[in-house]
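Structures given as structure tokens follow.
Shared between the two complexes below is chain A, which has chain B as its partner in the first and chain C in the second.
Right after this comes the complex of A and B.
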């Protein structure tokens, strides 16, 4: 057991190739250095796969599927966990956060997380009840979408036990597949639904009946918890509208919402708004998961062509990516597409991104009816729905799109005999990860010009890079949220967050340590693994630490028409960003930096990367 | 003199530091909201973090007579 509070110091380990179940300990030093969640994922993956990283197929049995909590899981209001592994999108490490009851259940079962190794030959699901762990047959569950699966699981385990699962998309190793929880929650970034599916693991059900680990300073913890709950609960506008208000505000006010594959970032479609959703479709508001005082979620229902659909929100990202990015502004149909994506276990962001690419390529004549099998058009619900399903089931062109935006663009260029640049110019992605729905051209939204280009999580809008690196604008801020594992929407200012962490763990982490050592250490490790990449992609910072070409095109409409990203500014900011983190001119952590961060064992690998880039 | 320090894109659009001469004690929250609106930033107080220079939370009811500087950052970075 680890000599710290807030954590158990042990992970549940399941090898699906052998069926062996065990526990493994994580020492206190590793927790102190990497905190938990995303940081711990980077550490575990580096330790186990680092030496052979390039050869590890993210969809092969050698990859790990990590389900990790953090020291604040169960203590801080709102419950999240992080799903990770070698990403089939970036081939680096992405910490993909998801709201789920499973987070609390894992901790109450006596673990800090679950490590899944190997792959089963036949479909299985994992059932955990405290110390009792079973790998169960899932042949009856294989092929089910989320809604039916949860019903079936309820019958299987005799109640509404917390679960993580994949839909058909994950089963079919679709790189835009998510790990899902409770109908609508998704760990979308990274493509870990495909990793789970590649292991033939349909679901993880966890029931924990024990207490949480003790905290270091109970009085301080209780005081802070009450304070945070009061403050978060007072966010009444956010509670009322959640992120859904963004589908109007981000599009109309800040002009940074994807419209028709980011050809525009502005709209004035009043029918496409949170107010219309509230009036016509919200059947439950507010709605929250366990322990969340904010309750920013909503439940929507819509009937389209006689079929009834339900989803949450849709939250801003779903509204943007399965709505405006596809030229679809009818909110009932956006509810329907979002519900379908949920049920099929698709990440709405990555899938909406690649669908947007497909429609634009069709519009430009690069893809034809013969390629697709039917006509594609912006806002055409029927064809978009069909294409979404084709992606999940890898049918026809859907199988190409199922590889995600970057790989699909390369394959389409190859099939059409076009230079890759002629298709990649329409792919709005960074290093294999489609961008979140917050543009940079107007400068009125939060992502800075290097937000995606420099992020170790690439297109992840919840983990953007920014300057200065010793402020909350930095990616360190997301590293902290994903490693302590808290929801960004219930977060408050960092002084209080750190006090909370210290009250639970007794670590005494200072702001200086977070920004000077802990955060940069996790970023450095993620960066090295990202630059290693492989086996099918390798990233050259001179080419790939950049925005999608589209962001250098001027915005064609709205109040910020004419605005675009500036190559000169991006280049200058990248250099400054690398410098502030102690990385060299191409963004490889220097030997001195790695040693200072306690990453001596990464020095040789960084040297090798530098040699390959021709700078070492 | 009362100064507001902005970060990130807010620094790019509003300016890194804005200093104002306030003749009387003004509620800091209201001041931030009005300043953001006057600079075309469609943000409410729920969407920004306003802290004291050392990063600690701004106590409710703080006025420009209680502190000479604050930090303003975007709170919701995602969603």
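Right after this comes the complex of A and C.
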């Protein structure tokens, strides 16, 4: 146990191979160095799996599934937790943030997080009520979609106990499967639904009846808490529209929304907007998660072909990826596809990305009716719905697409006897992770040319890289949010966030320390594990620290037609970015940098990586 | 009857409740000095998406909990009409929970007595926080001279079914 305020200093540890349940302590130094959440995930994974990282199969029992809170969880308005492990998408570490009531429940149960090791032989779910922890039989729950599962869990444990779970996609080890919560919430980036499924773990139910740990400076905490609530609650437009307004604005105004697998990033379809969703489909607005003064969510309902569907929003990412990216502009059908993805436990971003690839390959004649089993066309709800289900259940071509955009492109090229570049040119991903729905070509939305190319979380639009590295443009700001574990939508400016962190923990973290040491330390560790990769893919910075080829094609339509990413600018920015972080010319942290950050034990591994790249 | 009219009461607008539970946090900070959702005197349940159920003591005109208490640990505050718990007398027998039509009183690990909303002496922290966030789902009003106030006290799963049906038939 530690004397750090705001944290318990202990994790609940469950080994599903042996059924053994225990607790393990995390010392105060580790928290002070890695904060929590994403930073703590990198630390725990490095410590336990670092030496054999390349051999660790992300879908094998040796991988860890981490469910971690941070020091601000439960105190800062708005609640998130971070799901992590070795990613079956990037083969590095992704801190996958999800809004879930499990976050505060874990702390109220007396833990900072849950570590799941091993794999069960038969389906199980984990039931935690404070000190009482049970690995329970889940044979009757296996196979259920999210909505039915939550009903069954409610009958089984009573009330509305918070839970994390996987749908059929996670059970079937689909690499685009998410860890889900509360009907519509997903930790999508990273593919941790597949990790949870590979462990035969259907759900984690957590009831915590105790208090959260005390804070260091109660008066300052109470003052800041109300200050943040007041500021966040005044974001009236965001409360009314949520991120859903992006489905019009990001496409029409800033030209950075995926349209038909990113062939375009602009549209002027007035029927495809939050206003139409609000009028026709929102039955609850605003809707919020635990402790949130913003309430950006909306419950929507639609009836399509006599079937009733419900989802949240759809929020911008779902609307873009399961709508415009698939050429689907009818919002009722976008509600339906999003609801299906929720129920199947699919990440809408990753799955919408790979579905877009499939439809474009079909359009170009690379995939045929024989390959798919039916025709594919932009905006065709019936076939898109079928393909989504085929992915979740790994049926036919769906089993190839279930490997995610990068691996699916390689496999399709192999099957077709094509050079891999001929398929990869349509794959809008970076290092195995499909890109979030924010393009860089127009420079009006994500203006940094290396936003995705240099990110240690690859295609994750919530963790983009940028210059200068000591500004809020830097990936350090995402590292902070994901490690203190707060929601990016309730976050306020940095100074207040740091004061909040210090009021809770008593650490006295300064901005200089965040940008000079803590952030770069976590980034360096994530970078090294990403470059180690394996077992099925490895990344060469000279090839893979880059945008998808599509971003070098000029935008064909809209007010920024003709605009594209520039290779020269990307190379220049990458060199500058590596330099500012103390990484070498290929982006491997130097020995000096590692020592400065207290990562002496990574020096040898970094040297090996350099040797393999031919630069050491 | 004249004193009743000056008593405060909390009215809920289900359609405005976002399910955020800031009320629970505010209540536990006020009464326990900690973020302790389980020890909050108000609880929000949500069995169906978008149909949250704020659940708290509605001060039934006939106070069945007070009558059921074998140790006289419960009494009615004359000023506010709230049910007050005398910690030293409560033996956690749960008779009040059984007597309550909404099963509102809470028994929580770590608390040696039952927890019931005391209306914060007339200025409930939960409603203030709800207003602060701009949701205004909980409204402090003069206590209505209408015995139907007791109808609000129902087990949360039953209320959830009723509310859920509005969204998801």
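To be clear about the criterion, the second predicted complex is superposed on the first by the 615 of 616 C-alpha atoms of A that agree within 3 Å, B and C clash if a C-alpha of one lies under 4 Å from a C-alpha of the other, contacts with A are read in each partner's own complex, and residues count from 1 in each chain.
Everything below uses one rule, namely that a contact is a pair of C-beta atoms (placed from the backbone, for glycine too) under 8 Å apart; a residue touches a chain by one contact, two chains touch by 3 or more.
None of these values were measured; they are calculated from a predicted model.
In the superposition on chain A, no contact is made by A:465 with either chain B or chain C. In the superposition on chain A, contact is made by A:443 with chain B only, not with chain C. By the touch criterion stated above, A:211 is placed in contact with chain C alone, chain B being left untouched.
In the superposition on chain A, A:246 makes contact with chain B only, while chain C stays out of contact range. Legend: residue contacts after superposition of the two complexes on their common chain; A:291 is shown touching chain C, with no touch to chain B. When the shared chain is aligned, chain B comes close enough to touch A:494, but chain C does not.
When the two structures are aligned on the shared chain, A:230 is found in touch with chain C, with no touch to chain B. Within chain A, the residues touched by chain B in the first complex and by chain C in the second are 236. Only residues 74-75, 77, 104, 108, 130, 154, 159-160, 182-184, 208-212, 214, 218, 222, 226, 229-230, 233-234, 236, 239, 283-284, 286-293, 295, 299, 301, 308, 310, 312 of chain A touch chain C when the two sit together in their complex. Within the complex, the chain A residues that touch chain B are 235-238, 242-243, 246, 249, 253-254, 315-317, 436, 438, 443-448, 461-462, 464, 466-468, 471-473, 477-478, 488-489, 491-496, 511. For chain C in complex with chain A, the touching residues are 18-22, 25, 28-29, 32-39, 45-47, 49-51, 108-110, 129, 132-135, 157, 167-168. Chain B contributes residues 7-9, 12-13, 40-42, 44, 46, 49, 51, 54-57, 73-79 to its touches with chain A in the complex.
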